[in-house]
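When the chains are written out, they are named A, B, C and D in that same order, and each has its own residue count from 1.
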Amino acid sequence: MLKVAVVGASGYSGAELVRLLANHPEVKVVAATSETFAGKKLREVYPGLGSAGDILLTTLAQTELTPRKVEAVFLALPHGEAQTVAPGLLATGLKVIDLSGDFRFADTAIYEKWYQRKHTAKDWAGKAVYGFPELFRSRLAGAQLVANPGCYVTGAVLALFPLLKAGWAAPDSLIVDAKSGWTGAGRKAQTENMFTQAAENVSPYKMAGIHQHIPEMEQALAQATGQAVRLTFSPQMVPARRGILTTAYARLLQPRTSETLAALVQETYREEPFLTVLGSGASWPELVAAVGSNQCVVKAAVDANTGLAVVVSAIDNLIKGAAGMAIQNLNLMFGLPETSGLPGAGFAL
Amino acid sequence: MLKVAVVGASGYSGAELVRLLANHPEVKVVAATSETFAGKKLREVYPGLGSAGDILLTTLAQTELTPRKVEAVFLALPHGEAQTVAPGLLATGLKVIDLSGDFRFADTAIYEKWYQRKHTAKDWAGKAVYGFPELFRSRLAGAQLVANPGCYVTGAVLALFPLLKAGWAAPDSLIVDAKSGWTGAGRKAQTENMFTQAAENVSPYKMAGIHQHIPEMEQALAQATGQAVRLTFSPQMVPARRGILTTAYARLLQPRTSETLAALVQETYREEPFLTVLGSGASWPELVAAVGSNQCVVKAAVDANTGLAVVVSAIDNLIKGAAGMAIQNLNLMFGLPETSGLPGAGFAL
Amino acid sequence: MLKVAVVGASGYSGAELVRLLANHPEVKVVAATSETFAGKKLREVYPGLGSAGDILLTTLAQTELTPRKVEAVFLALPHGEAQTVAPGLLATGLKVIDLSGDFRFADTAIYEKWYQRKHTAKDWAGKAVYGFPELFRSRLAGAQLVANPGCYVTGAVLALFPLLKAGWAAPDSLIVDAKSGWTGAGRKAQTENMFTQAAENVSPYKMAGIHQHIPEMEQALAQATGQAVRLTFSPQMVPARRGILTTAYARLLQPRTSETLAALVQETYREEPFLTVLGSGASWPELVAAVGSNQCVVKAAVDANTGLAVVVSAIDNLIKGAAGMAIQNLNLMFGLPETSGLPGAGFAL
Amino acid sequence: MLKVAVVGASGYSGAELVRLLANHPEVKVVAATSETFAGKKLREVYPGLGSAGDILLTTLAQTELTPRKVEAVFLALPHGEAQTVAPGLLATGLKVIDLSGDFRFADTAIYEKWYQRKHTAKDWAGKAVYGFPELFRSRLAGAQLVANPGCYVTGAVLALFPLLKAGWAAPDSLIVDAKSGWTGAGRKAQTENMFTQAAENVSPYKMAGIHQHIPEMEQALAQATGQAVRLTFSPQMVPARRGILTTAYARLLQPRTSETLAALVQETYREEPFLTVLGSGASWPELVAAVGSNQCVVKAAVDANTGLAVVVSAIDNLIKGAAGMAIQNLNLMFGLPETSGLPGAGFAL
């Protein structure tokens, strides 16, 4: 059994890691940290976790994270904190999978501009592997530091990648209109994420070119398809707990039919274990089709009125958009079967 | 007091008409029909209506709708039924406000194509006035038959009209990504609109150029701005009861700043009683900002990353998107104050 | 026009007062205070308020609250704060309606025990009138200080009062099982009231005899019916924004039928403008039947299996359970029509 | 691998059986029937099922259900249909687990009275074993026909059983106030279960002694504790998809403390794998603590104001209240580990 630790286990992504890893046949969580809830079991914070939450939470300071105890560490910390914790762990030789934005940019100037904070571990940022298996699977085997993608990025990139890879879409014409459940905003109570404010509501925020996931989407698509990419991104909160439904638009360089577009996406993802590509006759993906599993459900079509490509993707933001993707990366880093421990099915509802 | 009737009063738009008109100081609802619930009071169908629902529902056949009894009739019937009912009423000289799609196209070939049904009252379709005060206010005084706009159309047109009117946006570059609450799907129980299927879900449908509101959006914007318009429309259901949040995108023909764009929208709607235009420093409109009132809340900005215009509008689909707009039209038809009986405020939450 | 002030206008009850009073034909809100949002308009805090939210918020310190400026003051402050503010206002001769628990007990020892804080205005507690028109209407005319009831208390008392008044129910057998929407928990963000924690959840809290509304329910029913009352109270949060549905149980001292019980309730409330009593053949009250209006909807029946009395009441916690009741009290204090400015109808949905 | 069939696999309980059994290490679903969706894969009906929904649905008539093909059959059919299907299956020697109410009463007169329909398989009703492991575990080994309990029954019985078993509670004093998510109402679209009617609402129904689960609760508790039991039951729908939160009340025959009551419940369920009993210092169970798992979470206390026992239980109505309980029964019938294939943890949220 591969022994791992989860740092920041009481946040939504961290708790989801612990929950999913409880079903991983080849991994065991031997430590889980939380500064706020140290001394409690995780199930006291999340009663629904039941037996999967029996692990005792400890502070990071009181937790020995060395190769003697664990082989890999997941960092599920707020942006800015991972860069202070990771270098020490990496120096001991441990493998680290970071779920924050801290190591997603080799060029830390991009990070410093969009996250509006200093980067204090620039060397490691340069060495990190961007953990997006569908785009860069081969880089993961043996990687020491993996930067897990942002949740919005995962939904947007999986929607647009096939069209850009094939050279069908104008890379400066992209629009990503995303609808996210509220776990995406984290577990810190704020007026906006109160039930009374969020129920029966839809809330756009960080619109019109200022959300920090924009450069990450552009970088991932550019590196994977070899062309400069420019996109408009609209993040919007909807009254659901989990999931991101992404509606992406792209101008096609030549006229295409919905059938050929659907076939392109199906072909692109033919070998992918976590992509469910719907045909042109199917209904559009709905959010619940992805919630609870590591699947991304995608459908593409050509707009009959305008000829634009319209692609919808659905993911569970805490699984394919965070903890599930991180486990998929772990599997690849350690040579385990890529799908090991990852749910292929969610709830029926 | 102006005496009016509501035909189809047990549907969501019809009940909303009765509810709003109970507060109209110059109008009295003297008849309300429902084939399903005839013999009951409306409050038995909608207990929340309280005293506003005391009216007895009757079948259309047993209801005398003539100038002797009423001066105007609202038709809140399914598409296809209004065209069978309206001609008889109009022949008696009554004024009619139709909330269905039946009389929105002078060219009934467009109707027949997009609604996939025959039109049997083509003469009246040619004479109907399209009831969109912000675009065509002057046409309403004295009109006999008014076609009330579709709910999605109202949100989309109010978002895009200022940019097109000013000639700032490329009229073939428009994208309308709309998120609608479930009252928009009507009161007929179906698997899709069950709580168990709709809660915690987001559901795209009739995507990629097939929704019947597309030609209406294009027609309204074209007639109001004097240019051919072509748009991509994505209707998507979110887990809310009321409201449509519309995110619209347009390519600007020349570079603009967010400030000038916001100023353009403010200037365009300066005299409008039901437009709340937010400045470039304000938060983006959220759905609850419009729910419960006849207001449309709008904000426009230029995407800092791509230069695209991004416009968000929020309306209550049953008020500004249906019953409220119909009352606004009634007021204009009969020379009443345009805002009479219409709520300028919703719930705080 | 009666000039009033709302102290604590940015909380849910305070904002609801401002919203409702905007439609009151004989009252004008001339000041609204908020320590947190002073300097903003109320509509900046609650965009949905629209035109009803145009009032500028000021701090209490900078607001002149004297008979020169206003005639009555609503206090919508947290428990414990009202008792520090009220005495100064009362000393100037102003009339005060307090929505907190501070002045609901003439015997402040009860307050100090259940609210677990000192009482610093015991004289005024002894002089306050408990503002529950359906029980003590005659006390309100001319009262200077009125203590508005707790939200749970209103739903429970209106359900149980007729049975106890008639001497039909055993006064030591009462159980009140209440389901409340989340506005009942106020506007302070906490982990429990986050959307992610509250959606799809039901949360009992302060169960088994510790909620501070228990002595108030017992006191109100005892004073109104002349017998000692003892009850079990279960407060439980449900995923709704507004409303309290109360299911009350009582042992009947003699066997009764559902018909006679329903008739008793109807007779008791025959003259009440804000009680909708359903007959034994009607469906049970649902929450939405009361949301948006000042109505309490009630139905009583005898359990066919056990002979127990079962009474369900539905109220809007922010209206009949807080701001609406306060305005009803204001109307009675100043000799205005009791129903003035109060919504008799809510949304259809 | 034990080969089983699910009859009625497109309903909520049937689909949940297929979903859960996909993770059962010793069971394989070899047939799944649906009259409505025959010819489709289950994942076309429930896209969220992903790989767990790959099974092809067939009509019952075209499905061979004999010992040659399967060893056990789950019947997830509406009340009244199971009794027409079960006898033929049982005659071939197959084992049957019925999730409907058809075989829960040896005395079919009770069934006929409360379900208001004829019983046509009375012999089998007399031979069926009531499948409630926590009460009657020893009866299950080798049973041929097992009647799975009703969802409300499971929550109520697990809350009240310890108090009655110990002889602490007056068996004629019981009240069960249950709050259910909407999957409990099945998958048939009706006005009441539309999102627009159910969201932001709480709906009591079949109150005051007429719900068909009452005699089943009374029978189960009476048989398990050896005394006549009489209870008041209040079923109420809340805006959640899954789960039942049950608040039960009982008069204690002698004064008890919360600590001794909690200890009694803990002792009673000490060996039970699917009961999570909370101590007197813990928070009350919330619905999400049980959703997604086969656990029932229980807490009991004595009301400090009245001395009444108050017990709250939370279950997932589709798992512990239906499909999970059925699998637990299957495990016991076939001598498999009782917990095999059953989720001990749900979602964190």
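Here is the rule we use: a contact is a pair of C-beta atoms (placed from the backbone, for glycine too) under 8 Å apart; a residue touches a chain by one contact, two chains touch by 3 or more.
Worth saying up front: this structure is predicted, and the values here are computed from it rather than measured.
Participant: Tell me, which chains sit next to both chain C and chain D?
Facilitator: A, B
Participant: Let me spell it out: compute each chain's centre from its C-alpha atoms, then which one is farthest from chain D's centre?
Facilitator: The chain farthest from chain D, judged by C-alpha centres, is B.
Participant: Determine which of the two chain pairs, A-C or A-D, is joined by the larger number of C-beta pairs in contact.
Facilitator: Comparing A-C with A-D, the pair joined by more C-beta contacts is A-D.
Participant: In angstrom, rounded to a whole number, how far apart do the mean CA points of chain A and chain D lie?
Facilitator: Chain centres of chain A and chain D, defined by C-alpha means, are spaced 37 Å apart.
Participant: Suppose each chain is reduced to the average of its Cα coordinates; what separation in Å results between chain A and chain C?
Facilitator: 46
Participant: Could you list which residues of chain A touch at least two other chains?
Facilitator: 12, 183, 196-197, 199-200, 239-241, 285-286, 288, 291, 349
Participant: Which of the residues in chain D end up touching chain A in this complex?
Facilitator: Contact set of chain D toward chain A: 12, 15-16, 19, 22, 46-53, 183, 199-200, 241, 276, 285-286, 288-293, 295, 297, 343-349.
Participant: Mind listing the chain B positions that touch chain D in their complex?
Facilitator: Per the touch definition, chain B meets chain D at residues 12, 182-183, 187, 189-191, 193-200, 239-241.
Participant: Quick check on the complex: what are the chain A residues that touch chain B?
Facilitator: 172, 175, 177, 179, 181, 196-197, 199-205, 207-210, 214, 230-234, 236, 238-243, 245, 247, 249, 258, 283-288, 291, 301-306, 308, 310, 312, 314, 349
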